[in-house]
Every structure is written in C-alpha cells, then in structure tokens.
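What follows is a pair of complexes built around subunit A, which joins subunit B in one and subunit C in the other.
Up next, the complex of A and B:
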C-alpha cells in the first residue's frame, strides 16, 4: 500500500451507506451482475487486504462511468477504489488476451488505419468474421467498432499549410481515435484554433493510457502517461496550453492517470494543470474576450450528450456555452447518465447487452429528437450512440468549424 | 418449580464457562451451563479480539506468556475458523525505552514465545501506515480471534456431546447442605420461571461476576473488575497486530479483527462490573496513543467505543491493577474455605480459556471419579450454521483459518449480494435466519452471532430489516408450536428494535464527531423521522419478555 492507496482507503471512511450511488448507478439499474457502487466500492474495500488473495469479482462490472462519484454526498472516491480493485485482480490473475488488445487502442489503430483501411473495415463488416472474433476474442459481434481511416491525422497535418501571421501557440493532443479513426475531428480542431490566431503544435504523443487504466493494467498505463508527460512538458513549461478533443484523454492527462497511478511529481502536475478540454479552452478564450465570434448562423437543433468523462472534468458544459453563441443553433442536452459503452466496457461479449441497456434512455432521447445528427464530445460514446440509434454523431468542434465557415 | 439433575453446573457463558462445559461433556459428564444474558454477553464479547502470542507478558508475567504461546498453537489447530493469522509486531517508537528491545527478545526466548526481529524497511513494506520513526520491530505469532464465533463453536460442540446450555438464566440461590453446595436455583429472565438444579458440583466461571456467585455459596472471592476501554476504527489501516514494545500500558495495541482495527485499552478499577461508563478522556487517550503507532490515526473514522471488565483475581494487595497476574487461578473452595462442591476459575484471558477449562475439569473429574482424559487440545471443533460456508481460499495451507476477505468471497461465490441484510458486514438473509433458528432471541443476540449492525453504519440500514425477519420467523414459529411457546407479537418486535437501537447508541455517543456524527444523523433521520421509533417506548417497557436488559 502506498500513499495514494492510503488516501483512497481513507475516503471509504466517508461513506454513510446512504445508497444514493446505488440508486443513481446506471449499470446496477440494468443488471444483477453488478451489485452497485456502494457494495463494490467502500463496502468491499473493508474486506480487501493487499497481502491476501482478491476476494471479489463483481467489481469488474463497474463501467467506470463516474456517476457514483458525482452523486456521492460525502466525497467517497468510489470509481478510483473500483479501478484500484480491478488492477489488483489483474495483477493477481493476469489480464485476458481480449482486454490486452482492446486496452491498446493505439496499436490496434495503427494496424488498421492507412491505405488498407477499407479492407479492414470491409472485413469487420462481415457477420461471420465478427462471430469468429467473438468466439476467439470475446468482443461482442455487434459491438460498435469504429471504421479505420484510410489516412492518419498526423499524415494530414504534415501536408497541412498553417495560416500565416499568428501570434499565439497551442499544443493539440489528438489521441488515438483522431489519429486512426476520425482525423476529421482533428482537422476541425486545427481549423478552429488557427481561426482564433493560434499556431497549432503537434508534438510526439502516445495513447493517454485510459483503456489500460480501465482494464486494470496499471504498469503499462504508467509507461504511457510518463511518455506523454515527457513530450508535453517542454511546451507546458513555456506556458503553451495543451488542448484535446477527446474529453476522456484530457481527463486522463489532467486527473485519472496521476490519481490512480500515484504520480505526483512536479512534471506530472504541470502537465495536468496545463491541459484543457477543447471547449473548456474555447470558453476561457470567450471569457477573456479573445474568441472570434463571427459565426455564420446555423438554423438547426441537435441532441447533445455530455459524456460521463466530460462531467468528471467538473467544468460545467462548455459545449453549450460556446455553441450557444452560434446564431440559430440550439442544442438539447440529453440528461442521460451514460451511453453504456464506457470506453471498452460495452464492447466486451459479457457486457455488451449491459451497455446497450444502460444506453437505452439516451438512445430514446436521440431518436425522439428528430435530427439526422447528434453531438457528443467522446469518441466511443459517439460510436455507441450511432450504433444504438442509427443516427450519425459528430464532435461539437466539427459544428463549430462549420459555424466559422471552415 | 421444575427440577433438573446434573453432574456439574457451570455458571457463566463466556469463553471459560463454555470451554468447561464442552470439556465436561466430552469426558462423559452430565453438564448444564447457565448464563444470565446471551453467550459472550460479558467480558468475552467485549474484548479486543487478540489471540496472544504471549509477547505482552514475557517480562512481567512469564507464566502467562508461556501459557499463551502454547495455547495459541493449539487453538489454531482446533478452531481455525475463529482465528485470523495476522501476525504481530512489537515496535519501539520514539516514546519507548530503546533498551527494552533486547530484554523483550531475551524474555521471549525464555518463555518460548517465538520471536524474530525484522527490519524497519520490511515493517514499512508490510504495514506502510506505521510510523517510520519506529526504530526496532519484533515479529511474534499474534493473531485475532472472533470470540463470539468461538463461544458458539464451543457451545455447539458441547451440545453435541449432550451438555445443556441455558441462556438468559440467572443464578438466584446456591443451596448448601452443611458445608456442601448441592444445588442451585436459577431463574429464566424471560419468563421468571425458576428451576432447581441438583448437581454434584458447581463450577463458578462467572469471570468478573465470580465474586457475586461465590458470595451466594458463602465464600469470599475478590475479583477486581478492571475496566478496559477500546475504540474500533471503521477499517483496518493495519493488517498486523501492532504492540508497543514496552511493559503493557494504556492504548498500546492495535488489533485488526474482522473489518475493524481496535485500539486498546485502559485499565481502570471499577467497583461494580455492571456499572461503568466510557469517559471522553479515555477515548482521547486511545487516539493520542494510536497516533504514535500510526501517524494520522485520530483522523480515521472511529466507529464505536466500548468497554469490558477484566476478571482480575486479587490474591493479596497489589497497588496497580496492571500488576495483578494475568494468569488464571483455580480456587478449590474445599481446601481454601472448607466449602465442598464448588470451585471457582478466576482471572486468565481469552487465549488460555481452553487450558483453564482443562484444569478446572481435571479437578472436578478427579473429585467425581472420572478418569477420561481431556481431548480438547486435539479434537477440531464444528462450525455453527450461521457462519459463512464459502470463501475458503486464503492460500495453500491456510484454507480453514479465517481471513479478512472471507465474508466477501463467500457472498461473491453465492451471488448473495442482492440479499444482504447487513450490508456493511455482508450478512445475508440466510445467515440471519440461521442465527434466529439457532436460538437468538433478540437483535443483540443476532449481532453477536453474525456481526449484524457492527459495521460503519452501526445498524442504520439493517436494524429494521433484521427486526422484520425476527418478527416473521418468531411469529411463524410461535404459531406452529404448541401453546407453551410464548407468542411473538409486533410489540415484541418493536421492543427488540428499540432495545438494539439503544445498545448501538450507547457505543456511538463517545465517538460522535466527523464521519460518525454524519452517520448518526442519517441513522436518526431513518429511525426517528421516518420510522418514528421514539414513539415505541411503551413497547420497550413491556420488553416482551424477550429483551432483557440486565443492568
């Protein structure tokens, strides 16, 4: 037990057993396999002992959506307790092959994207192949796997001509999904940042490590995080902010990795403090009077789902604040707890249906919105929403780029 | 008045009495045990739960140390399900005399207490919460014990061998014929019915109450009730028993037992074992001393404070209660006082209960002409029905010893998480049912059997649930049984609930700050504001004959 485990364990002392978390938990509401956050969190923690075998399995059904942390009236770090407990299970029993693979989004993306992507995508669209993958890999045959991109974001950026005469600099953290699956999100982000007078710097970077954290491989996640810290730190030291479009990646850089991995060096803290979700950053610009607000009107209404990971930033809903400035544009907030995918959770064979049931409320909302497009800040949530509703989803930054006429 | 006849009447349903009644029955003697409350209602159910290695006594009380060392090894063999192999450290903090370390190690060897010095780095690796300023660490085979479960284990075995155990029965009279005690009159506190118990021998194992029993036979026995106050912290910040390496004093030990860490104790002479309070300065002292072992100790959540009374036998005048020997004493009143037919077993400690029982029963056996040998050191004991069945995988070679994760592993194995009555201590509906079926007559009895209500919420969520189960099961049983079985009405259930709330509240009041204050407020909202429990006092006064508050 180290410093962070002691402080996490101490947080369980704040639990007054009120069951507010259990009532709010979207997973416990749809399956009996998950006994709920109170049980697997502060309650089970009293029975865990680093020197003894792990006594429990059901904590693995925690999706990590963080709704429990949000609603807890006494500040118990339930999600962190659960992530730690899962890491203990992995450390003791090893990690299934499936989890090893899906926890490495960067590696999978690198292998799938590129000129051969259409072939990969075609293969993944074949039902028999998906059944085969389910048999061998335990990835559900209907799980929303994203289509790989035929070009990577970084290859696009290399050819990209920056706007001349800029005054300010910003680092863009694109993450794995923009790099390999949705380069258009990164292109929109670069366009928006340049429009606001920034030179966009894209340093070397790796996966943020969140899939590794949520699958319990803490040693590997630590390697990823320290790699990113090493490459982002020189910019942060010079006062250049780091912004990201993947709200889960930015949360990991800011908070998840340092907290769960007990990384508290000055360097780690500097990077955490210098990282922003892109709409958080844009709202800061607006508040400082620096945001270009010459928007073209968009006479549309879109359903918008603020993902769990965004809510965990505790920055309010910056997308609503910024896109609210676009004339004619109106976003309807989902008020749903979770889409159910929770990163890689809903892709797993044994958890797919749970994920779909958790997302049902959101799917109903999106379908009822009578729109051909929905918005969401997190990539896996977008794929899940599209899968659950058949409706296309975009990152809000793509709409903002459109409002700038870019 | 009904009359029953037996070879030996054992008085006291604590560890000693239960050990005695089992040993008697195993040797083929007819035996009856009476206890004025529930089993373990006295000191046995109120101690910190240490399975002594003997380390605490190596200097001041070497005989006790050796007894503990031997019994420790025996109990691990015969009642593993009641014991956790936590191991124990004796640590020298900056507040302790560093020269005692060598004396301690030498005395351990002299008294056969296994000891090994380990490095401070190794100590911190195993117990990172401990004070890094500790200078030396000695490891000994301390453990923690579930004294409730052990009592029921002994009782179950004793009954299997034919013994009769009567709880909620108080001795009101001992009958002497000349200089011979020949019988006792006992009263069922629930029905006020009296029974005449004819017996060949009386074994006084009433602990801190032994003087009161002896007085009924016209014999003077001075037992000094030494109050020990303890505080339970809501989770285990250490998993090893931590002792200060110095002569025993107040607040010098932390025992990880089940889900809590208990710090103890004080030692204050009280005139009456039934009347004592817990003073704020005692609780403060415990927390301050805890800080020396675990920095930040007082910031952890205190769950509850309670006290037990040590049955210290006072042979002659001793200035300080801590100087009274912790070894036990068998008082043969024929030799000592010229009164035959009764012996008293006084002093001692939980860890040596089996040895005490053996000595007492040896004496009685000899007197009654029974020559069968004592087998309690060899024969493993049965596991009561209300104990967890599953969860036995604490590592090779230790399957049967209790381990912290066992209740959780058992609930996970059985997928019983949807059917938990007490969530903090993971007590399933089945186990509550089993406890009621095995004779628990009120909520406090159920608590002692399965730990219901002993977790952080102190019954906030399980008291009303357990009350409902008690009502259902007892009302059903009363309906099915013949007319001699007393009825169990809703008034009885309400009285049981109020009684238990009151019991929990007593232990909460000394630690009402921080998290536990917040908890108490929530519990108050549940029981007073939602359920209106405070309006049930009329029911509580009736008591229903099932809730006895023998104070």
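Up next, the complex of A and C:
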C-alpha cells in the first residue's frame, strides 16, 4: 500500500465518534434513509472486508457532497470510504440499467446534442414522456434534465478564430456539459483566457468519469481517467496548465479519480498537479500580477453558490476573489451546504425528493435575493437551482467575460 | 490573495481574533481544518474553577503569581472584554449568555454531578444549583426529563446522583411526539425537531401533566431544545409546562456549542471576514523573524496564503494544534513553532490516570510574550507578525483549570485587538 492508500484506509482510526460530520450532513438532516456519514463511513468500514458481504446498503444514499470531509475536525476521509463501499456493492451485485445510463454523461450528451436537439428537448418537455422515462428508467419525472445544445462546443471551437500573436498556452478541459449542453460556458472561458494572452488548446478528451465514480462503476471510471491522462499528459509535461469550467470535473482529475481508483503513477500525478479550476487559475494569474484587470463596471448584485464540489478543492472561493475585482459587482455567498443534486443523485426517482429537501435552504436564499440571475460553478447545481427557484443561472466565467466586454 | 490577517483555527479563540481584526476594517481569512472544538464543549464559558470564590479576583492573583500563564499574557482587561465580546455575539443572535465574571455557577451535568462554569446560555440559567430545590426545603421538586431514544442521557441516573447531593430530584422519560424520523436520534436531529412548533408543543403538554401530578418547580432536559431558536423554544416549553426549564449539556455533538459557533460565524461574516473550512494548514515559510506565507492542504497541491499577520489558534493536544509524531516528539502542526513541553516522554503523564494535578503533557503549548508572539527556548521572538491564542499557548491546562473558554476568549480577543 502506498501512503495515500494508507491514509485513506487508516484515516478511519482518526475518527473520535464526535458526530460533527453527521450534524453537518445535509442528507441525514432530511431523510432517515441515510443514517449519517459517521455510521456509514468510519463505523461501518470496520465491518467491510474483502470477500465478505457489504454490511450496509444505506451507503448508496450518500450523495458524495463531501461536507463531512470539510467539517471533520480530525481529517477522516469519510466520503472516499463511502464511495469505495458503494463500488464494492456494485462490483458484487452489478449496476441497475438507470445508473449505467446516467453515469455515461458523454454518451447521453452525444446522442442528444446537435441539430436534432430541439426535438430531443421538446420530447423531454412532454410530461407523459417523462412519466414513461420514470417508469422505465427510474429517472424522476421532475428531475432537472438540461436542454441539449443544437451545436457542440468543439464544433464552435473549430470555426473559432484565435487571437493572433500570443505567447502563452493553456489547455481547456470542457467536460461533457459544456460540450453538449452549455457551449456558451466554454465560449466565455476561451474568450477570457484569450483576453489574458493565452492560446487555448483543446485536445482530445473524454468524460472525467465522475458520474461513473459516484455510481460505483470503478472499472469504467478507470478507463475514462487513463484516457484523459493519456491525452492531457503531453501538454502537462510541457508545463502547459489544464483548466476547466466544470468544478467537479477538475476535482475528479485532481483528486477523486486518483484517490478512489488508487492510481498514483507519475503520469496521473502530473496531470492532477497540472489541473486547475478556471477561477483558481485566474486567481493565480492575479496573484502573479498577470491578470488583465481592465474591467467594465457591472452595477449588479448576484446570489452566488459555491458548490460543495468546488469547496472540496479546498482552495477557498476564487470566484469571489476574482469577480470581487470587477467595479460595482457584488456577489452574495449562499452558505448553503449543498444544492441537493450532487451530480446524478437528485435525478434518481428514489432520491429526487431528498435532493429537493437538501436544496431547500439554498433555494430560499436565491429567491430572497431578488435577482433574475444566480451564479454557480457547477453545471448540475445550476440546473438544480433553476429548477428549485425558477431563476436563471450562469457560470461566473460568463459574468467575467461580460466584465471584459466580450 | 493578500489578507491583512489570516487566523488559523475556528474555535472561540480564532473566531474572536478574526472578528476583532475584521471589525477594525482589516481583510480577514479564517482557515480551519474542520469545525472547531465549540462542537465538542458545553457551550458555556468556563472562566476559572476556584470554587465559590470570585473567579476574576482569582485570575488577578494568578496573573501576579504566574506571569507566563495565558491569562497573564492577555491581561485582566482582555479577560473581561473578551468575555464581553463573546456575550455580545450571542446576544446579537438572540441567544444571550448569562452570569457574572465575579461569580461562578455550579451546573448539573449529564451524569448528575455539578460542574463549575461561569457564563451559561439563557437556556441553562434555571439549572443554577443555588436555585435548585433541595430535599426538605418544601419547594416543588426538580424533574429530570429525557427520551429513551436519546443515547447517553439517562434521567434516572441524573436524578439519583443529584439526590445524593441533597437535591429533591425525580426523573421521567417522555414519549417521543409524532415525527417523520424513524432512525435513532442524535442531539442535533432532536434539536431540529424541537425547532418545529408542533413537536415542542407536544413535549410541553406531556411536561404539564407531569408538573400537575408531581408539583415540579423546575425541569432539567438534555441540551437539545432547538438549534435555530433555542431561546424561543425553551420559553415556549416553559409556559406550556408551567415550570422553569433548563438544559443540561450532553456528550458531543454539543448543540449549545453549535449555537455558539453559529453566533460567532454570523458576527465574523457581518464584519466582512472570509471563512474557509476543511483547509488544514500544514506548514509555513518564514524569512528572518517574519512569517511570509502559509500552506494549507488541498486537492492535488497545497494552497499558498499570504497575510501581513497571522493568528495561530489551532488548540492544544485535545484540539489538534499539538501532536505527537512517530518518534514521540510533540510538534506544533501548523507552523512548526517551538513548544514548551515536558523534557522527556516519561514526564508526559502523572502516575495516576485521574491525578488531581493533571498530566504535564496537557500544559504543552507555544510560549509567548505579552504581545502573544511565539518565543523559542531562549525566549526570543520567533515571528514578529504572529500571535498565538487559546489552548495552543503554553503554561496552562485549560480543561483542568476550568478555564477553557475563558482563556480562548481573553487571548483570542487580545489577538484580535493588538
């Protein structure tokens, strides 16, 4: 066992049973189906042994939001223990069809986006069809499924005219949501990076594998991660940073995939160390005195939710730091633990209501802000916030592009 | 980003230091590994366990005789103003702390003993042992009420032990009111139920019946009476029951401790501070006698932070600010500061586990000067721009001395005002 493996499995010995995690867990707060991180994580882990049946199915109700890790005073890696326990269940019993489908965000996106997207979106807007999907697929009929885009991000980028005469290079990891559902986020990211003097490179890339990890299909997730490592590594080796606008994808490249899948080769580590959430990257530029700060004033106030997956990077709130430089602009931080969607969790028939109950605090905050727009770094969270409040949502990079007049 | 002050640790000491500096107009970042020790403690302010004597006078005398005690470094003014700032933060949250720094209180515990403390939340005030009915004094007896479903709170044991101390105490288990939870209960899940008016109304009705039959004058309950609006919850139950209600602190997680943390968090956010939880500060870089940068653990790589000054409020051995490494040496976890500690490992512990004098190892901490700046073994300042606050300071055993929150408030507030 290497040191990371040891720290993960032995971290449960640091648990002093203080219940701080269970008190902060947004899922345990709203449902009895999940008894809480302490019970399911460090406690049940003592009864999980290779070759023996998994003692507790309730671990499947862990949403993976990582609030437990965030608040634990003794450093137990609770959410990793839970994710591994779920994977053990999947390895033993197989994966339901529904999870196999929604865990493949890239495949679903590829089939939905393109010129036929309006048809797909129209279909998914029909109540009877959604009930049918719920019956067959166990995806809740009200779950916030994003509208597919009529063009992909990569097709836009192919036609995009890069700015001439730049010296610095950066790799943009767009992930599935920008590619198939929200190309505008990627367009804003490219515009902001180019404005700061970067040539943006978009290499071949696949899904980060997070939906597979959180649905317990570790073998498939490993394939995805190694594919991305293979295609990103040549750039990282040349010192070119990889930045992403999907904060859960960048977290997966940095930490989730290597830790959960026990991948610690030099290549995997190099890609992890070379990957940045886009606002983390922009904040580094600012600290180095390299960020273009010629912003147009934006006299607005927006509610902003730092998603749990961003907080799990443990880099603070780079969006507040960078957008705080824009004259007139003020963001109100939500302080809500989680929006409830947790990737694919809140879309599932049996977990939809839990997700909505978890998100209630955030929805109340956003509605009370009296704004027609809310900001959040994670795509599924944006869809959930809009679903729970009826208020439009954007990625903060879109506001930054606006502040540059782009 | 450049901060004026970065505070490491989010217990009472760290939060008060952060509040002080933010209220002075500084850009402040609070970094912590997780939730602070507030969540483990009683939610009361222990000032100085000196029996029935005046604790503040006791501290004045301690300052004279032990000039390296944290209270001496803080000074008597900070002892008073730190406690006052903590009170103001709680007051602003509608959850006042009551009591006087000139008089300790004896409060019933979850095992039916009495514990010395100084300031208590208003929800515990009616538990002051001086006011509790004693056997034969003709007043309506005391009722200790709880739920079978709440582990680690046994009303019959609490009442029996209080009777041995001469109190007129009886016990009752309440029926859990109808609710939508089926699993077992934690203090926090019960507190959330008490925030619901129908739930506490049901409890109030049960207590009223008990009061009518048993002529109880006061009722002690586990400290789970509401998370968001405890003051209101207790007052509702009190008027429904027709007797005074008080909370008794439980094992962790401490609901009164969470309320205290929330009050401090709200005060810091109001003052414009930034809070980053889940970020363990694991090393620091200094240049000469200035601390230049600190590094917190993060995904894939460390995060570097800069500030003009830093406050170290990571706690002592219990709080995680001091750890023993594999070689058996004690280390300060964040900056690697020199520690004042027993010479050899064999000197860590007293012979008896429950030794009255406590174990020497718990006095381990960072020695500091009157500006709370860390000192090395020679008495030289290690970093000019660092202040140390709370249980991370050497020279006292805050739990043993009954001074845990008092030391935190005094030194934290001083670090916030330097």
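Here, the second predicted complex is superposed on the first by the 399 of 406 C-alpha atoms of A that agree within 3 Å, B and C clash if a C-alpha of one lies under 4 Å from a C-alpha of the other, contacts with A are read in each partner's own complex, and residues count from 1 in each chain.
Convention: contacts are C-beta pairs under 8 Å (C-beta built on N, C-alpha and C of every residue); 3 or more make two chains touch, one makes a residue touch a chain.
It should be emphasised that the depicted structure is a prediction, and the values quoted were computed from it without experimental measurement.
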Inset, instruction - For A:74, select first, second, both or neither according to whether it touches subunit B, subunit C, the two together, or no partner. - result: both
Inset, instruction - Look at A:315 in the shared chain and tell me whether it touches subunit B only, subunit C only, both, or neither; answer first, second, both or neither. - result: second
Inset, instruction - Using the touch definition from the top, say if A:368 reaches subunit B (first), subunit C (second), both or neither. - result: neither
Inset, instruction - Quick one: classify A:273 as touching subunit B (first), subunit C (second), both or neither. - result: second
Inset, instruction - Go through the superposed model and pick first if A:136 touches only subunit B, second if only subunit C, both, or neither. - result: neither
Inset, instruction - Give one of first, second, both or neither to describe whether A:254 is in contact with subunit B, with subunit C, with both, or with none. - result: second
Inset, instruction - Go through the superposed model and pick first if A:32 touches only subunit B, second if only subunit C, both, or neither. - result: both
Inset, instruction - Go through the superposed model and pick first if A:13 touches only subunit B, second if only subunit C, both, or neither. - result: first
Legend entry - Residues of subunit A that lie at the interface with subunit B and also at the interface with subunit C: 18-19, 32, 35, 74
Inset, instruction - Enumerate the contact residues on subunit C facing subunit A in the complex. - result: 1, 29, 33-37, 39-40, 180-184, 186-189, 192, 252-253, 258, 269, 274, 276-280, 296-301, 303, 319-320
Legend entry - subunit A - residues contacting subunit C, complex: 18-20, 22-24, 28-29, 32, 35-36, 69-75, 251, 254-255, 272-273, 275, 283, 286-287, 311-317, 320-321, 335
Legend entry - Of all residues in subunit B, those that touch subunit A in their complex: 126, 128-129, 234-237, 239, 259, 299-301, 391, 393-395, 403-409, 412, 417-418, 420, 423-424, 426, 455-457, 460-461, 515, 518-519, 522
Inset, instruction - Would you pull the subunit A residues touching subunit B in the complex into a rising list? - result: 1-2, 6, 9-10, 12-19, 32, 35, 38-39, 43-58, 74
